[in-house]
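Pasting the structures in now, so scroll down.
Below, chain A partners chain B and then partners chain C, in two separate complexes.
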Partner chain A sequence: MRNNKSVEQHLTRRGWALPLVWGALLLVGVLGMPYMEGVFRWMEADARQVIYNRAEFYTLLARHLLVVGVAALVTISVGVLAGIAVTRQRGRDFLPLVGQLASLGQTFPPVAVLALAVPVLGFGTLPIIVALMLYGLLPIVRNTLVGLQDVNADIKQAALAMGMTPWQILRRVELPLAAPVILAGVRTSVTINIATAALGATVGASNLGDPIIAGIVNGNMAYVLQGALLIALLALTVDSAFDVYQQRLRTRLSAS
Partner chain B sequence: MIELSHVSKHFGEETAVDDITLRIAKGKFCALVGTSGCGKSTTLRMINRLIEHSAGEITLDGQLIENYDPVKLRRRIGYVIQSTGLFPHWTVARNIGLVPRLLKWSGEDVTSRVSELMNLLGLPVAEFAHKYPHQLSGGQAQRVGVARALAADPDILLMDEPFGALDPITREKLQDELAKLQARMHKTVVFVTHDMDEALKLADHLVVMRDGGIVQQGTPLALLQHPADPFVESLLGGLERGLKQAALTRIKDHMSSLGPTLPAQSRIPGDFSLRQALSMMLRDHSDRLTVVDQQDVPIGELSLRKIVKEAQLDKG
Partner chain C sequence: MSLIDALPTPKLSRQAWQPNVVVLSLGVVMLGIVWLFSTVHVAPNRIVPGTSYSLWQAIGWPGALLVTLLISAMCFLALVPTRTNYRAILVLVLVVLLLMPFGLMVAGHWLMDPDHPQARLGIGPAYWALLFILLLCLVELRLKLGVNRLTTTLLLSAVGIVWWLCATWWLENLALIQEFRARDQQFWRAVWQHIRLVSIAVGVSIVLGLILAMLMRRYAKLQKAAFATLNFLQTIPSLALFGLLLAPLAWLAANVPFLAQAGVSGIGTTPALIALIGYSLLPIVRNTYIALDEVSIETLDAAKAMGMRSYQRFWQVRFPLALPVLLEGVRITAVQAIGLTAVAALIGAGGLGTFIFQGLGQAAMDMVLLGALPILLLALLVDSGLGALAEALRPGGRS
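Let's turn to the complex of A and B:
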């Protein structure tokens, strides 16, 4: 037993290493970018500026995180609640409808959502949040549905037979058992949206997409690379952190 | 006491349970036996309202079950199923303490009740309390299932083929333990099984079901002596019926007093069954056995002729 435990601890300690490395690299990138002129000068020898300087990188990062975070909060609440609602007895009729609506959200290109949202919501952060919400809903809804439906029927029946109320069964049995699958959906949704959020720069939502758009407009590949690099590092940091968390959940529920 | 009176259950066009009437007295062990799909599990689940009956009346202690709040009703009725239905993300101790915690017992009461039950079911607390269900063998998991069902000390215990998935040795061991527990606790038990030997071994009252209806019910001995039709007889083992009946008969009730002849070499305790006595006679090539008490003191003797004669008498 003790042996097992130390192996577990060892695994988790090793588990956090990766997100920490990516996070550190991201931090180095964000804070150290202004001092890397030498590196980028090599790419764009003739440009007047090789380091994007219309805003600080940490400001861009913070705004990027804000947009993704707000969108994620809304999609998780809406997606998980919808998934729960249509797996209850009373909501079962809406199950196919919700599945289709979520799929529709993802088949609709975010760029098109932006184009349609700007006239209504104006330029800025709001249209991109709406686009990310629609785009990120499907993985969460789908995984919530699968996760809840996959909970062993005998376990649910035993819970009911022991005298648990439907709410207690949901809270203490179904959601904890579906958690790893739901989390996988959240992970997919958030990771995709970190990349997609860069589009916000085209409608005036300033974030890590700014250097990319500015670079494309001005023909400055150094800008593009700086934005892309930081977005990739952010995505890797968040994704690997989710990975560790998922592993832990799975270890706790192993062989269920 | 559980009473079902002209109870039926329809699923759409299909009739799962067809007009059954059944009375289970307090403290009795009732086994529902039949082939799969005969409605025995449905009958069981109607008692704790996992399935609502379509017609007839079901009463608990004289009260219609519709008058109970289903959640409160279920907390008063223990329930054990073949696949255990243990929560995989909870430890053994937490699984067992589920119903007491639902009933808002204090933390100390739950803890002491859980350890009491774990000891009762042969699960040492130090070794098992913090294990998760996937770390248990089939037999251990089912013990936890039984402990969970008994946790809030319910009067009624519903068991749906609880030992059906276990290997024969573990199954027999758990049957013996259940019989011992029942002798101490006197719960009202409704036990569903397709294993007639299991039913004969455990039940006070045997109910044979087929196609949603009750074919015959009575004590195990009564059914063995007078099976209602060929179906019941085949369930009871056909040619083996005699032996099954012998298995339910204790030596003590059929021995004769010690005669003037020398006592036989082979000794057998009086609590054993006639079936075991027959087996010993075959093994030892002897048509006489000396019956002894728990201190190995001879208290009587048993002869093959007498057993055969008694069996004939019972039949008449």
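Let's turn to the complex of A and C:
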């Protein structure tokens, strides 16, 4: 028991240090990669080029973030709205189907979804955004459903008895209480999307996955390492930021 | 009268005779899709994008009318949702599912020129969407009728067998089938490779995960470090982890001849397996740990009072009670590993992902499908199979 408590205290004390460190490393990597030729030359002594040069690393990072960001914005708004809609009285008929679909969809591998999007939508950045949206929707919908359904019925009754309108109950009671679970869904969705967007390099999108794919195709390990390092740092930055935010949300909820 | 009874309860105002909105809207969407989008396309060869044909062009006016009638009948039946009507809708859905390959045959007969054996029939967006929505209807009907898992599996396998028979005998001009015929040996080898990689990775991580989880139960300090490490691993995108493993392993293989002889190399199975096991450990360890932890102390005390020894308590009480949750971990892991193995094809590990990435490289979409569809199917099969197993092993009877 005491052990648990100390872990919790440790978690609540966790600040923005970790995401900042990862973010700083990412920034250093993106801006400093071209100057690290010596290190990569040692790895790939015979290669003509050791620093990936089809695009600047910050451009790749910006494109990666753009794709993930657009997909995340759409999925969060659509997913949360869908989750709210099917838990209301009017949309309740759709609840079982949407719930089943959201959990069934989790079994679809992201690569397969990406691959299936290409024949329908073509090559380039757009199919990736659409594939990311479709796939990223599922964890958000599922967690919104779970979060909203887990809100204690007594609390909702109490809110109703206090004279709150359904809209007020949703905004003031249900959503704040479900927020940590919804956020966990958003975190899963964004983490998967960062990884899947990198695979988008195989369908002609230029982002941080491109150095890896180009490196594998040309047998240039230096390219592979550059891309892999930056993607890993990006994922760690975003994930640790979500972690801190989640902890804050939980502490605020349990404190009030 | 309690306070709760005094509150307005809008639920009661809804009558049982209201139409089933879900099936109704799915039916309307289906009608819209089959009439608005193209159902099939015909291409002169593998790479050239073909000409698209809509429903009435593909199977003629009688066929189009039949499809429309069947779907409209579903909608009408959904207006009065009684149990009989749900059964009727279920039959209609199955009939449409069974008719779908025959639709392709008719389309192939009408649209294909027998003088061009190279020509191929592609499946269009409306066809896929129709299939998907029919499956959604099945899910909804299954929930409404309370059909159990076994019956659903049997019904779907019956449909699957009809599709399979049609595909092997009469659908040879379908692009997907042609693509398969061109490389059937390669295909089965890839399926086998895929399954082998997944099973090795999952098998090894089950053993490692069990050991790790038990160590974590014994040494509390290990718990935090291990979870932190595994979480860290899980966060790193698959492509990046494969990439990060490539360089050091290539260096090891080049500089340590002993390891190279043992089969370690930068490209191929070694980095794939290391990454797959790394990813698989977290769900297994997490679920094992939680499962073993959740067994109630009272039960264990009762076992102790009955005179069971500690290993008996573990193997006869704790472990069987933890098994369903543990299997849930295995299920998550296996499904995840099936998807990740597809990515591993990029670093030369083989498997079905090879077709996806080769197909993307050659802009041959049917080849992409040849890789992606079996992966999807494999994931669904493993998911439902292990799910059923966990359900059957749940203590207190099977539901």
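Heads up, the rule we're going with is that the second predicted complex is superposed on the first by the 224 of 256 C-alpha atoms of A that agree within 3 Å, B and C clash if a C-alpha of one lies under 4 Å from a C-alpha of the other, contacts with A are read in each partner's own complex, and residues count from 1 in each chain.
To be clear about the criterion, a residue touches a chain if its C-beta (ideal position, glycine included) is under 8 Å from a C-beta of that chain, and two chains touch if they have at least 3 such contacts.
Just so it is clear, the structure is predicted and the values come from calculations on it, not from any experiment.
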Taking the superposition on A as described, I'd like to know which of chain B and chain C A:Ala205 touches: first, second, both or neither. neither
Regarding the shared-chain residue A:Phe94, is it in contact with chain B (first), chain C (second), both, or neither? second
Between chain B (first) and chain C (second), which does A:Ile231 come into contact with in this model arrangement: first, second, both, or neither? second
Considering only the touch criterion stated at the top, classify A:Gln157 as touching first (chain B), second (chain C), both, or neither. both
One more residue to check, A:Met43. First (chain B), second (chain C), both or neither? second
Which partner reaches more residues of chain A (counting touched residues only), chain B or chain C: C
A:Val67 in the overlay: touching chain B, chain C, both, or neither? Say first, second, both or neither. neither
Return first, second, both or neither, reflecting whether A:Leu137 touches chain B, chain C, both chains, or no partner chain. neither
Across the two complexes, find the residues of chain A that touch chain B and also touch chain C. 157, 160-161
List the residues on chain A that touch chain B in their complex, please. 152, 154-155, 157-165, 168, 172-173, 176-177, 252-256
Looking at the complex, which residues from chain A come into contact with chain C? 3, 7, 43, 89, 93-94, 96-97, 100-101, 104, 106-112, 115-116, 118-120, 123, 157, 160-161, 191, 194-195, 198-199, 202-203, 209, 212-213, 215-216, 221, 224-225, 227-229, 231-232, 235-236, 239
Which part of chain C faces chain A closely enough to touch in the complex? 3-4, 7, 10-11, 20-22, 125, 128, 136, 139-140, 143, 220, 224, 232, 235-244, 246-247, 250-251, 266-267, 335, 338-340, 342-343, 346-347, 353, 356-357, 359-361, 363, 365, 368-369, 371-373, 375-376, 379-380, 383
Residue ranges of chain B in contact with chain A within the complex: 48, 50, 71-77, 79, 81, 83-89, 98-99, 102, 133-134, 148, 158
